[in-house]
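Each of the next two complexes has chain A plus one other chain: chain B in the first, chain C in the second.
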Partner chain A sequence: MKKYAYNEITTKQFIFFIYKTQIGVGILTMPRTLGEAAGTDAWISILFGYVIALAASCLIILIMSKHPEDTLYDLLPRYFGKWIGNGLSLIFILYCAIAAGLAILSSVFIERMWIVPDSSAFLLIVLFMIPVYTVTRNGLRVLGRYAEFVYLGTVWMYPLLLFSLKESHWLNLLPIAKDGWVPIVSAVKLTVLPFLGFEMAFILYPFLQNKKAAYKGIIIANSISLAVYLLIEILASIFFSPTEVTEYFWPTLILLKRIELPFIERFEIVFLSFYFLVLSMTVIPYLFTAVFGTSQLMGKQDHRVHLRWYTGIFLLIAFFYNPSYTSLDRLLTAWGKYGIFFAYAFPVCLWGYIAVFQWFKRRRFP
Partner chain B sequence: MKKWLPAALSFLLLLPLTACGKQNYLERTNIVLGIAIDRTDKDQLLVIDNQVLFSTALKEKSITSSTKAPSVRAARENLNAMSRGSVTGSKLQVLLLGKRLLQEKDVMPLIDVVFRDAKNATNARVIAVDDSIEEIMSFMPRDKTHLSVYLSDLVDNAYDKRSIARTEIKQFHYQYFEEGITPAITQLKKSKNEIIVTGTALLNNKATYIVSLDRKESVLLQALQENVESASVPYTIPVAGKGQVSIDLRSKQKVKTSFVRGKFRFDIQMKISASLLERTFTMNAEKQVDEITKMVQAQLLHDARALVKKLQDHHVDPVGFGLHARAFEYSHWKKVQDHWPDAFADADVHLTLDVEMKGLGAVK
Partner chain C sequence: MEPKQITDKLVENIEHLRSLFTHTPDLIIHPVPLKTGQHGVLVYLEGLVDKLSINDHILHPLIYEGNAKTPPRNAVPNGGKTTSASRWSDVEAGLFQGKSALFLEGQPHAVLFDTAGWPQRAIEEPQVESTLKGAHQGFTETASQNIAMVRRYIANRNLKIKQLTVGRRSQTRVYLLYLEDVTHPEVIREMQGRIEKIDIDAVINTGELEQLIEDNPYSPFPQYKVTERPDVAVSHLLQGRAALVVDNSPGVLIGPMVFVSFLQALDDYSTRWMVASFVRLLRFTGLLIGIFLPALYIAAISFHFEILPISLLMSIGESRARVPLPPLMEALLMELTLEMLREAGIRLPSPVGQTVGIVGGIVVGQAAVQAGIVSNIMVIVVSLTAIASFILPDQNMAASIRLIRFPMMLLSAWFGMIGIVIGLTTLVGHLIAAETLGLPYSSPLAPARFGDWKDTFIRIPLQKMLNRPQSAHPVQSTRQSPSAKNRGDDK
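Now for the complex of A and B:
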């Protein structure tokens, strides 16, 4: 019997769900972090990061396709036994829960920095949580539709960045690989955070209507993200000087400051306000994965109870803990590190384990 | 009941978020449109703010107040102490820098506040003032336009004809941090009854004043920066013994970069299309078009070479040859990137120029 049949999502929803999870806070700081590591050659690092992300995504689909009706939370106990399997699930849940929390905190931090410096962070978090809650409490199908909506509602934003072409220095891109390949390769690890989000396929796969399209879907999702990242990285490289770009915390927003209309001077405010739709679509998938996971572990169908618990606990923490820029940055870096493990190393290990497991099984029961 | 509860809750939460907590009445806000900074004798900054007021009771909409303080932000606090409403600098239009300050100090750390506070718009024009900033800031435009708006219009208008460099604060930031280019900003001064733009002030990489270009040199500088591709720019050429010829020019160029015998070498090929605007002596423009073209070409080439030499003599590179050096001779650039202007002063710049007379006007 199809366990998740009532909540199927289409291939398009699958694509936008993953793509929108990938695009998040990272995009605002990316030109700086990559610029520090690889200078104007960072766009090559992004290409490398893309290939690695693609390999990991395909591996995830490969693992999931062995048991097409299972989410990760069903799969782990199947291979590792109840205790270890559920333990591993719990770690994954914790990772997603922390990721969701961090995404909220950094969204609100940027909002306060750029738009409403005098408003209380806690109130903004509460306001942000209301729509997040109302979306997340629904099933995956609604979430998929929301992803589509966010995509359509924000697709106009990226071409706007082309305004900065007015002051471009294309020469900045030359020569390619100016300091050799070492900085480029070392910057690849920084592209991990921007591409994080494809691990959602662990949860999404069994909900997918047309499972044959899973590979196609995840490749398209990664490719759209790649296009957005390349656009921004190249624009930032030709707009800023290589040293200047590292001077700004949020170079992407400075790019937008360039846009000046006769009736609006700080266009980045309009952009950021709409960008909150995109940011919410980073929070919601992780949040859903976390609360969906705990509900599965406890054997409950309805994840709303746990969502309420999460929201309550998170708000309680947010009330007392208001991170500074440095601690937030440190947390985000840590997230990137754990992200490497969960999105890249974990699928490889899992796949290896499953291969060995099946080989043993075949030997024992020929 | 269940439906209403979230709505009511959201409403309650929205209430403290609206502007009720901290009003900002426009009538009471002093909006700073222009700031002028110079150095005083006692190692302090003289900061003059030009603000606009929106109070209906006032006849004078523009007020200028000056204060001495160790930093721009400290000066703002002083001004705040004098003002009945809040002082906001986020609508800044012009930033004037006294020549004395430019000669003695690195200005970038002084205007740090503009970049650090995300509220600020960073499109104010950066202007070097030839003499005292007090005279400029006390100037009253004859048509009663607000001084800062007047100044920014002045700059924009002059830039339309490319007779100055127009540098916004964020571009200044770029030029300051880019090793391959040195900053160039608008320069103006007060003559008897008018403020006039005199050309371009060239700074070095530490934002210290080096030398000025007049309006004609500025045109060629803009041409070398490939800024005269879409604008048509008037240029006058003196003709010995006869008078002068004025042309409207557009320019394009190709730069070839190489490294020969321990020196950078730039081969610049400028293509200028010109059209005749005025001649102050009799000649048949139709028949003598080749002659005019040659004359124009010779003079432009002479002026452009003189400009490049001037830049090299003073160790400044506002054109951005460093970008070419980095793009095409990276290994050699790497060695000199920290003192690029010196390397540029050493470089061989070969300039060739090709004029095409596109139009002669409506009469022969």
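Now for the complex of A and C:
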């Protein structure tokens, strides 16, 4: 029996889901963080990061394809037994819940700083939770549609960055690898972070209508993200001078300042408002994964009850805890480390464990 | 105990009939001395029957013609269906449907003749749905006539009709029309199931039935289309949807609908494709303006005046200099006035209706600005919004759009642009989660069906439209044979 047949998603939805989870707050500050580490050669680091992310994503699909009807939460108890398996699931859930929370906090922080500096952060968080709740309370099928809508509704935003070309100097990119390869390689650990989001495949895989297209889908999703990151990184490298880029906190938004229209000024305000759509599509997948996980662990079909709990707890935390940017940044860095573990190291370990597990099994029952 | 069966004694039957229908002056009990010597009684409800046909085709042959050999039911030349009933409940139901019942001495059943002929309206052009190029006839209040109008368009035996009854007291007859080889069987099963589940005393018109069978009563958007035009109904039938003809109501209900189909009109297909595409895009623009323009205005002047160029900001400032109200109050005041004007215009008799226009236009529009209560720009914004919402072809959808504008205005007054985007996201979240009859309401945008896009924002030439839209999941998707595609290229 197919457990998740009712909530099937198409390959298109799978691609947009993963791609939109990957694109988040990170790209607004990316030129700065990468610029600090690798200067104008950061785009090469992004390519390396992409290759690593691709390898990890394909490994995830490889693991999942062994039991095509299982999500990660079904898979872990199967290999590790009930207690350890569920324990591992719980850690993954915690990771996703924290990811969702941090994504909301940092979204609110940016929007508040740029657009409505006078509003209370807590009220904004409450406001943010309304659409997030509206979407997340539905099944994965609706989330897939939301991913499609977010893609279609925000696809116009990236070409707008090209306005900055008016004042850029392609020569900034040359010479390639001017400081040698060491900074480029050391920046790779920063570039794997923006690709976080493909670990959603752990949950999405059993819902996929056409499982044969899973590899194709995840490769396309990573490639679209790569294109966006390369676009932004290269535009920033040729627009700013190598030292200037590290001076701006949100260099990507500065790129938008070049847009001059006769009827509208300060276009980044409009841009950033609409960017909420993109940000919400980072929050929602993680939140859903966490909510879905706890509901599965407790054997509940309806995940809405847990969603209400999560929302309530989250709002309670947000009410008492209002982080400054530095502490938020510290939290994000810490979370990034866990992210690297869950998205990159975890699949490798899992795959290794499964290989050994099956080898033993075959030995024992030839 | 009340007898359920008709007895063979005529006098008892008449007695029972009189006890059933007390205080019913329009019940006619007409003794008929048959030529064969039998005694009979003809019963009908005056006003629901065609008296001429009773005189000529029932009474006359029974009294003056016929012989003992032919049973009376065959003696009567009548075009409609003639049945016999032996239960009182059937007789009762028949009488209310405009049938006349013949009771004969010695026979334990009544013969029901179809003599229906109640007062009805002539076929006219529907007033609420105007068209430039479509047919100028509209549905009436008689279901059989409405079905006939649909049949004239589709001369095909695959047009199936399911007869259902709704309402314990009203016994309203409801007909479910669909194309058997096109419409998805699940859609029909779902719709029929929902109608059969209704247990209510009466349904007065289609609008009531619509709400009883819709998926989400808490949605601001209409989930079915109600049309008074046969050509519109037929066009939807051909797209794989089902139509529900409700007796006593000129509105025919169509489902399952998707959001974008409320922005399409039948005229789009009969005008040239470039013009039609332009109009379609205009409607989508109108939709966005109708929901967001007042909210954007409020957000721009109360939060983000820095996004406005300085010259525009100056002229807005000048126009607002004398206005004592904050932008939200100003906008609400004007929007509510406009809604009142619109509502006042609907139900007023047309001679008085003109006054509303004059009072609204001159007093509110001009005087309010001169008095410094509202600004010029606000009047422009409100008028634009009104015009934008009036170009939506479906009245139900236009009403929903007008309603959504208010929460958007509140959100933008509290949170600026962020509020608007949050509102948009919540709206979208609601739309993509909505389903009608098990099919996604937001198709073909999400789930994205790019094949359907050629008939969504634009309308491509008819020669290229080979398939039916997928939004209603039709079983048979081919609509036009591909060979027709090349017709335009022939020399």
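Following the convention adopted for this analysis, the second predicted complex is superposed on the first by the 366 of 366 C-alpha atoms of A that agree within 3 Å, B and C clash if a C-alpha of one lies under 4 Å from a C-alpha of the other, contacts with A are read in each partner's own complex, and residues count from 1 in each chain.
Following the convention adopted for this analysis, a contact is a pair of C-beta atoms (placed from the backbone, for glycine too) under 8 Å apart; a residue touches a chain by one contact, two chains touch by 3 or more.
If you're wondering where the values come from, they're calculated on a predicted model, not measured in any experiment.
When both complexes are overlaid on chain A, the residue A:201 reaches neither chain B nor chain C. Contacts of A:138 after superposition: chain C is touched, whereas chain B is not reached.
Shared-chain residue A:130: touches chain B and chain C both.
Of the two partner chains placed by superposition, chain B and chain C are both touched by A:119. Legend: residue contacts after superposition of the two complexes on their common chain; A:263 is shown touching chain C, with no touch to chain B. Using the contact criterion defined above for the overlaid structures, shared-chain residue A:52 touches neither chain B nor chain C, since it reaches no partner. By the touch criterion stated above, A:175 is placed in contact with chain B alone, chain C being left untouched. Of the two partner chains placed by superposition, only chain C is touched by A:10; chain B is not. Looking at the shared chain after the overlay, A:254 reaches chain B, while chain C stays out of its contact range.
With the contact threshold set out at the top, residues 119, 124, 127, 130, 134, 265-266 of chain A are in contact with chain B in one structure and with chain C in the other. Residue ranges of chain B in contact with chain A, taken from their complex: 6, 10, 13-14, 16-17, 21-22, 91, 118-119, 121-123, 170-171, 173-174, 177-181, 320, 323-324, 326-328, 330. Contacts from chain A toward chain C in the complex involve residues 10, 12-13, 111, 115-116, 119, 124, 127-128, 130-131, 134-135, 138, 142, 144-146, 148-149, 152-153, 262-267, 269-270, 273-274, 276-277, 280. Those residues of chain C lying in contact with chain A across their complex are 303-304, 306-309, 312, 415-422, 424-426, 428-430, 432-433, 440, 442, 445-448. Listed in rising order, the residues of chain A touching chain B in the complex are 113-114, 117-120, 123-124, 126-127, 130, 134, 167, 169, 171-175, 178, 240-244, 247, 253-254, 257-258, 260, 265-266.
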